[in-house]
Amino acid sequence: MAAVDILKYTTSSPADTTPLSLLENDGYKASDIVAVIGKTEGNGCVNDFSRTLSSHIWESKIPSSAVTVFSGGTEGVLSPHVTFLVRAKEKTGLVACSGVTRDFAAHEVGTEIQSQEVASVISQMIADAGIQKSVVHLVLIKCPLLTSTDIDAIRTEGQIPITTDTYESMALSRYASAVGIALALDEITPDRASAALGPEPGGVWSSRASCSSGAELKNCHIMMLAADPQETQGRLRAASGYMKDAIDAGVILGMLNKIQAENGKVLQVFVKAEADPRGSIRGLRHTMNTDSDIHSTRHARAAVGGLVAGLVGDSAVYVSGGGEGQGPPGGGSLSIVYSV
Amino acid sequence: MAAVDILKYTTSSPADTTPLSLLENDGYKASDIVAVIGKTEGNGCVNDFSRTLSSHIWESKIPSSAVTVFSGGTEGVLSPHVTFLVRAKEKTGLVACSGVTRDFAAHEVGTEIQSQEVASVISQMIADAGIQKSVVHLVLIKCPLLTSTDIDAIRTEGQIPITTDTYESMALSRYASAVGIALALDEITPDRASAALGPEPGGVWSSRASCSSGAELKNCHIMMLAADPQETQGRLRAASGYMKDAIDAGVILGMLNKIQAENGKVLQVFVKAEADPRGSIRGLRHTMNTDSDIHSTRHARAAVGGLVAGLVGDSAVYVSGGGEGQGPPGGGSLSIVYSV
Amino acid sequence: MAAVDILKYTTSSPADTTPLSLLENDGYKASDIVAVIGKTEGNGCVNDFSRTLSSHIWESKIPSSAVTVFSGGTEGVLSPHVTFLVRAKEKTGLVACSGVTRDFAAHEVGTEIQSQEVASVISQMIADAGIQKSVVHLVLIKCPLLTSTDIDAIRTEGQIPITTDTYESMALSRYASAVGIALALDEITPDRASAALGPEPGGVWSSRASCSSGAELKNCHIMMLAADPQETQGRLRAASGYMKDAIDAGVILGMLNKIQAENGKVLQVFVKAEADPRGSIRGLRHTMNTDSDIHSTRHARAAVGGLVAGLVGDSAVYVSGGGEGQGPPGGGSLSIVYSV
Amino acid sequence: MAAVDILKYTTSSPADTTPLSLLENDGYKASDIVAVIGKTEGNGCVNDFSRTLSSHIWESKIPSSAVTVFSGGTEGVLSPHVTFLVRAKEKTGLVACSGVTRDFAAHEVGTEIQSQEVASVISQMIADAGIQKSVVHLVLIKCPLLTSTDIDAIRTEGQIPITTDTYESMALSRYASAVGIALALDEITPDRASAALGPEPGGVWSSRASCSSGAELKNCHIMMLAADPQETQGRLRAASGYMKDAIDAGVILGMLNKIQAENGKVLQVFVKAEADPRGSIRGLRHTMNTDSDIHSTRHARAAVGGLVAGLVGDSAVYVSGGGEGQGPPGGGSLSIVYSV
């Protein structure tokens, strides 16, 4: 697990690779890249080809060991950008590594098989890194979804698709990934993980998981960020927690106050957003789940993005939609990386 | 101009009139209503029939002297609700009155004619009220738009429509109304108002204007809220200002701190939101104006709604989209009503 | 069961009731109305308030025995309109009647309970009318859906909602209604009806069913149209069949040729449209089920509406989206009413 | 100008290049390609990255002399596909060539400058080919649009953008290209072309133009298809005309009858679709221009696609949205290529 630096650049389109030049100006080479984590300006849903375009263009430019995680959807004030995690020359305070699962068959997507494969790869990554699970701040996963073609193929094979709704397959895949993270980080026990993906899914969550699904891949891309146990006073730090609902300004303000107390400067915020599945926030009805024109993930990214960008004063933040198992229902996991 | 109380209730649908019973439980009758100001859950754009439904249902239940202002769009966390301004039995610290313009012909919508008619009605309202222009906190206007039928009718009359884009007509109508408010409140001079609606419109704004357009009316509904000059220490107060951009948390936090210092409790926030027409916020690109799936007014409401609801801890706030002339470009007018 | 005439008028908005005056000009009174069947210009999905507005406005103007069926969605070339079925003074060749089920509890929507209640009401209507099931051309149903509030209420009662996706609840409700029609018309046996709504729903369809769901009602509105067995040579006739897929021009051209051979004039077309759930049409992939910006029912209405309007030369046709159980998968039931 | 064959293959995604293998199976090499004309499954509007993805992937696989024209939007039944025009070994009856304009500055997009540059390149192509203008069946153009960034850049240069609405810039660019085609084919005189792009644009159209705009290019890609004057009895033929409105089934049926009379088999249909700007079709109101959830180009493609696919019995047809200057208002140019 390498000591890493974190650098962020806005993009002019999903095909924009000028951030690579800027990265070089800032002293790093493409070969230093551990992960490229981007927000692209598509709808973040099934037919979001902005992610595919970015993945396609970036994957030819980075080491084969590196992963890309492109999350679609820059609704509201959010600004498209890429964040690089790069191997640092010396210790920084943060370490990171990346991994991938095997490709999943269509009928495995969103099931316990995906969950267990994710948990297994992460466990191996932690073992290889020789760190404690408790120092892990964030596990970021890009996972597959089901298209109409996939669903039809599952049926042709005589199997029953986990859902026939392509948009819902995104949620199921994110959830299976999140359960895998929770399991690997010992946030839940194996039997709870298994039950969570059974006939009545739900009920389990990780505060360090951030998962997004896309049609551009068949396996899971995994990026893990942790505090460096050998360098607790480094120049880079992270704080983790979770928003308890989509308007939980308090937790963010609390973290920002703590960072300010350390004379810190926020480098990036990673946060998950979702429409509360119960249809209300603090007892007041919201309409994200009954709006048939805009999917709820788009609504949630816009709203939480507005809040986070406003509080941080920066609109190039990583707000990802669809928080199933990634923080409490209606809330979302939250990690802030900062320098001191 | 009557002393007013302000009460807010959430709604279960645009056709929900149970708030009227709740208002009665709280000691007011339908005949006390000066204005019903609601957020409904449509798209807030040309074909938003949630506003029409609400207007239709409410207008039969309130005095003919009262006005309705239904603003569509509860994107993100925003919760559909109605706010009543009701005639209070005794002084409260706030006064309000309502008015209407004549119906506009389709070719007048969005032009200087609309602007001047608005200014004229407001000026008369101020004169009748016998108050200073400086104590006015908020002028809320509901104004018409152009449908395809209107545009075709304008052409049939041999006139040139101000735009052939029905969605753009909403912006032009809001802007004309806002210029009228700025003029009536002496925020601008008549010649600037005239220039602002000339061949190259723009450049003029009021920090106390909040205008929204809809297909459900042909005239302008006007609601004016002011501090009561005869009761400066009343239990109700208002603070006004403007967000300088869509992530301007600072101005809101500043007002909330001031209110807290007075031991105040926020009753309602009125704020305008828009996608910065320059395509960026504090130098970072946003994508609200290039998203052909979701109109920019919807994006802006969701983002600013997320910020305001998070800071206030209440998602039933009045966030209205389309801020042309209602605050600086990319920002928006802001008024908070609170009790002490 | 009354002899009926059929008259169609376009509307300028969902609130437009001028067709009532036109109907009077054409010799009928509001009290003659058996059913008002309209296409309104909303999205035809969960948050379509154009239907609610039309229902609200029309239901105060028609006899309490009459039903309204407002189907949202006039995508593409489709023109908003209302079709009246009115009691005729003398025999016309067509008869019609209307009925309603009891209100359904939220947890009953989309289940076998709905299906059986629908079948029971239709069976009674047929018995009362004293006609053969084989002469029924069309059963049109407006049925309820589940909102977020409904789903939350079901959970609060300790029950499991049939779906947590409000848009999907529309499909389930349409399907339950269609199964009820198929059962009442002896198109299927009771055991098949029961199986069709069991753990793996589907597989059953009626070629004479047309169902649409909406948030504006809790019960089912039912309209039945049949050939008058006592007047087989009347001036009004109907032809029924089904499109085998969404591009089945052949069946329409065949019917139009037959009508032309009788010197007939098309008065109205009732047709169902859906995106083939297998993701392809005649082996070629379509993208209606993977478009996260536009729901598939909107796509299907636009496409089938384009075909039907083109072939008939009239864009005020009744094209309803969501064909579950109403014609074969990917196709839809089809009825044409014409005069000779 | 080369004798060409035309081959069509469906695609599984915008990144799918398996059609190249299929083309090779059918006897042609990538180096034979004159043009790749595709329909991709994005929204066909400003932020359609499916086009960019396809262009990016295909442009590395075809000769530098070849052009790509990717038109986004496969609404309704339309099936994503690519059509190849390839250099044939012997005469076929059809000839084709391709060309490009220079890159346009942002402030030139949609203006007479674009129009004249297009006309100039086409005129040169015709001169080089040594054919009569009258034998040209179709000129297909892919042209640029304005993003927010472009509009801001124009302002920074002190110029006035032709529009500040990015979606509208697509229409203006298509129109300027169409006027260029009409001019080059002598369908209009230079003074009419000039007037058509003046202060009150419009009024001019070509029945052989098909233009689509996208963010993926700065110049115009031009593909011209003509009858081979030296091989009037070849195995490939084309028929051209125009739909007079969006439900003009008659013109299509007429062409299909003629083709059937020649024992022909339809290979591809190229047709333009638009929402009638007057808001009605044959006197009946349509709602495409007042739907703020779905842009009118998407509606029009879905509807005309449904009609054409139904009549031809093939959903992999080239239906392009936005018919400004490409056929009469509300209608669109139409070309059918067939083999005998």
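Couple of notes before you dig in:
Order of writing sets the chain letters: A, B, C and D. Residues in each chain are counted from 1.
Please note the rule applied: contacts are C-beta pairs under 8 Å (C-beta built on N, C-alpha and C of every residue); 3 or more make two chains touch, one makes a residue touch a chain.
Since this is a predicted model, take the numbers as computed values, not measurements.
The interface holding more C-beta pairs in contact, when C-D is weighed against A-D, is C-D.
Its interface matching that of B-D in over half of the contact pairs by residue number, A-C stands out among B-C, A-B or A-C. Chain C has its Cα centroid 44 Å from the Cα centroid of chain A.
Here the CA centre of chain C is 38 Å from the CA centre of chain D. The centroid of the Cα atoms in chain A and the matching centroid in chain D are 40 Å apart.
Taken residue by residue, chain B touches two or more other chains at 12, 41, 43, 47, 149, 280, 285-287, 290-291, 293, whereas all remaining positions touch fewer.
Those residues of chain A that touch chain B in the shared complex are 10, 12, 41, 43, 74-81, 246-249, 280-282, 284-288, 290-291, 293-294, 298-300, 302-307, 309-311, 313-316.
Chain D makes touch with chain B in their complex at residues 43, 45-48, 147-149, 151-152, 155, 160, 164-168, 200, 277-280, 285, 287, 289-293, 295. Taken together, the chain A residues at the contact with chain D in this complex read 12-15, 41-42, 47, 49-50, 52-53, 56-57, 149, 215, 293.
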